[in-house]
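Presented below are the structures under discussion, each in the form of structure tokens.
Two complexes are shown next, each including chain A; its partner changes from chain B in the first to chain C in the second.
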Partner chain A sequence: MKALELFLGILTSVGGFVEIGELTFALNAGSKFDFALLWVVALGTIGIIVYGEMAGRIAAVRKQPVFQLIRERTGLTAGLVTLIAANLVNLLTCAAEIGGIALVWQLMTGWAYRPLIAATFVLLALAVWFFPFKWIERVFGLLGLFMVVFVAAAIASRPHWQHVLGGFVPQLPEAATSSELWLYAYYAVALFSSIVLPYETYFYASGAIEDHWTTKDLTLNRIIIIVGSVLGSSLTIALAILGSQQLSARDIEAQLPGTAALLAGVSLGPWAVVAALIGMLFAFGGAAIETTLSSAYNLAQFFGWPWGKFRKPRDAPRFHAAWFTLLLLSTLLIVSGIDPVEVVEYSIVFAVVTLPFSYFPTLVIAADKRVMKGFANGWLSNALGWLFLVLTTLAALCAIPLLVITHGGRG
Partner chain B sequence: MNRESVDLMRSVLDQEIVDADDVPCGMVDDLELSGGPGTALKVEALLTGPGVWADRLPWIFPRIARAIVGRRQSRIPWSEVASMGDRLKLKSTAKKLGLDATDRQWGRWLERIPGSEAD
Partner chain C sequence: MHKEGRSWALWLAAVIGGLIVLSGAYAEITRRESNAQAELRIALQELRSQIEEGSLLATHAKIDRHWDSFVREHARQLEKHMQASVDDVRTKAIEARHADIGEVAAQRGQDALASLRRVRSEPAAPATLDGAASEMERSSQALSRLLSTLPQQAR
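Then we have the complex of A and B:
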């Protein structure tokens, strides 16, 4: 049973690894800078492993999710600012995912965009209301695995593998002008942020409590987060390779999620377009649900409301009303006509700004032997934790200036 | 509760409160203390609710927060605290202490929706 749990846990985390922001930035990073940003994917993957593992471990040992730690260690005022910022970012991200689903659905059916947004809202709301937590995780995570078609397409596009491997060494683009360097820095920060999006840590820790993890599940936690993230990041790498192989020479910028499906089709044929569209539909659907549930978890944990999908709606009514309201607000935002890819660009840049405020209390508690006893961080977790806290703080400080200097990544 | 010393800022304030059945019923948003110069400081009660935490915000934000979330607040006598640790556990249920009023009211609306009984 544990082996099955582990296997499904890994698969669902792979299927749920990429969402619309990561897809867009990975494709465009490849298109603009070929393989020169692959090291950022590796760095982001290590970051999400380090902090996901810590948050999962704290949840299993102390039964405390991230926003309780934030309130406990940073206090009411700083915690409230983080809560508002994190939930605004979640709202934008969720809106972008809903828009992305409607765009993909439109490609599959040819139906009108706005009614598809409304239909997406209804289906997502029904899924969260009726499905138990495990089902939500598994249905969307496993069907999101159709995204693996991008790995096959990247291999079939016959990249120069030595150049791909060279991309994992931190570097600056060759013979770049200063505006290209700013753009490179912007893409490095945005790609990093898209991989370590804060909602993933909030959702992962809350999910560990939803699944009633105990200290016996710590090995499960470690294997799922390490193997799931490493395999999941291969999707991001594949998208960057496809961007480089098929968009770079033609100087095309991927403006729609459908572009990615077409790239898979160019390499593998029409069936790959269908597989990629199905994969994106469920991967974006999973991300929309995770962001909206994550916002409700954050609110409930910060204010001490009963929360969790494991509680009946009448026993955790404010939590259930919160996710519904936030899903509705995200839908209204995207139905107003804002471009989902533009929304996701802003949400990802703002997400990294909130990240140090979530990472700092997580690190301090995971390292505290007084509260974590025998389960506190070892030297490696502490060293990597501090390193990534410094890196995310630097990224947070640079994110908005880079957004302005590069005119939102347009150079 | 017998403890030689308690760090109120670290171990009590901003901690989660759960009732006797481990159901969350708020955060310690403030403390009611008694005593004065020359006498022992005593914690009389835990205070919880938006009307309490709003007052702890700086500048003009208490007024803004109260306008949005209201002034509801509850007082839990310190004698009700059963244990401290990762959270403060109470001796009684939230229902008995009247801490579940908002959830009961919201729950009555939500239980009319089909599927609200599902786990």
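Then we have the complex of A and C:
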């Protein structure tokens, strides 16, 4: 039973690794800088492993989710600022995912975009309302695995593997002008942020509590987060390779999810287009639900309301009202006509600003031997935790200036 | 540790807030000075990128007839973006006092749009797809030439 749990957990986390923001940034990172940003993917993957593992461990040992820690350790004022910022980022991300789903659905059916947004809202609301927590994780995570077609497409595109491996060494692009260097820095920060998006940590820790994890589940937690993230990051790497192989020579900047499906089709034929569309549909759907629930978790945990999918609406009314409201607001935002890819680009840059505020309390508690007793961080977790706290703080400080200097990442 | 955590968080929030204000001020100042050229360059690059994607779509659509509906719908979505870019190029060219460049680019954009519409309406006709791909290639090359006439950005 544990082996099955582990297997499904890993597959689910692979299928849910990439969402519309990561897809776009990975493709464009490859298109603009070939393999020169692959080291950022590796760095971000280590970062999400380090903090995801800590958040899951705290949840299993202390039954404390991330936003309860944020309020406890950073105080009401800074905690409230983090809460508002995190939920605004969730709102933008969720809106982008809903728009992305409607665009992919339109590619599959030819139906009109706006009614598809409304249909997406209804289906997502029904899924959150009726599906138990595990089902949500499994259905969207497992069907999101169709995205593996991008790995096959990347291999079929015959990249120069030595150059691909060389991309994992931190570097600057060759013979770059100053404006290209700014753009490179912007893409490095944005790609890093798209991998370590804070909602993933909030959702993961809250999910551990929803699943009633105990200290006996800690090994499971460690294996799922490490193997799932490493395999999941192979999707991001594959997208960057496809961007380099098929978009770079034509200097194309991907602005639509359909571009990714087109590239899969160019490499492998029409069946790959279908697989890519199904994969994106469920991966974006999973991300939309995670951001929606994550916002409700954040609010409830910060203000001490009863929360959890396992609680009936009459037992946790504010929690259930919160996720529904966020889903509705996200839908209204995207139905107003704004471009989903443009929204997600901004949401990812703003997400990085909230990262250190979420990571700091997590690190402090996970390292505290009085609180965590025998389950506190070892030297490696502490060293990596502090390293990533410094990196996310630097990224948070650079993110908005880089956004402005590069005209929103356009050059 | 709680006190340290609080002061660290407040300090960081204040620094990030300050940087946001400074970035906003920088954006406002550069917008007033000479950003119009840079904005025009970006708009032209976006339009050229979309035309190239249209050409890629037309080229590969003719290879396999089993994805007609995908080709049609992707062309439709691309067309919407391209139309917005054509309008954007016109506006940015006037702001940058390069209305002549804007007109030439917009005309090339309209040609590419017409080709993309043909792809959308006949996604399974090889001759149409061939013609559309070539037309879009030509438009993209023309935009590349226009881009090379614009002065390089200095930053």
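As a working rule, the second predicted complex is superposed on the first by the 411 of 411 C-alpha atoms of A that agree within 3 Å, B and C clash if a C-alpha of one lies under 4 Å from a C-alpha of the other, contacts with A are read in each partner's own complex, and residues count from 1 in each chain.
Everything below uses one rule, namely that a contact is a pair of C-beta atoms (placed from the backbone, for glycine too) under 8 Å apart; a residue touches a chain by one contact, two chains touch by 3 or more.
Note that this is a predicted model, so its numbers are computed, not measured.
Once both complexes are superposed on chain A, the partners chain B and chain C fit side by side without clashing. Once the two complexes are overlaid on the shared chain, A:P313 sits against chain B while remaining clear of chain C. Once the two complexes are laid over each other on the shared chain, residue contacts for A:P361 go to chain C alone; chain B is not touched.
By the touch criterion defined above, A:V81 lies against chain C but remains apart from chain B after alignment on the C-alpha atoms of chain A. In the superposition on chain A, A:S179 makes contact with chain C only, while chain B stays out of contact range.
After superposition on the shared chain, chain A has more residues touched by C, the comparison being chain B against chain C. Looking at the shared chain after the overlay, A:E72 reaches both chain B and chain C. Annotation: apex chain A, arms to chain B and chain C, angle 130° (C-alpha centres, rounded to a multiple of 10).
In the superposition on chain A, A:V371 contacts chain B only, with no contact to chain C. Of the two partner chains placed by superposition, only chain C is touched by A:V404; chain B is not.
For the three-chain overlay built from the shared chain A, the minimum Cα spacing from chain B to chain C equals 7 Å. Shared contact residues on chain A (touching chain B in one structure, chain C in the other): 72, 75, 77, 79.
By the touch rule above, chain C contacts chain A in their complex via residues 1-2, 5-6, 8-10, 12-13, 15-16, 19-20, 22-24, 26-27, 38-39, 41-42, 45-46, 48-50, 52-53, 55-57, 60, 64, 66-67, 69-70, 72-74, 76-78, 81, 152-153, 155.
For chain A in complex with chain C, the residues that touch the partner chain are 72-75, 77-79, 81-82, 103, 106-108, 110, 177-179, 182, 246, 250-256, 258-259, 261-262, 265-266, 269-270, 273, 277, 353, 356-357, 360-361, 364, 368, 393, 396-397, 400-401, 403-405, 407, 410-411. Residues 62-64, 68, 71-72, 75-77, 79-80, 129-130, 132, 300, 302-307, 310, 312-318, 320-321, 371 of chain A are the ones touching chain B in the complex. If you check the complex, the residues on chain B that touch chain A are 14-17, 23-27, 29, 48, 50, 53, 56-58, 86-87, 102-103, 106-111, 113, 115-119.
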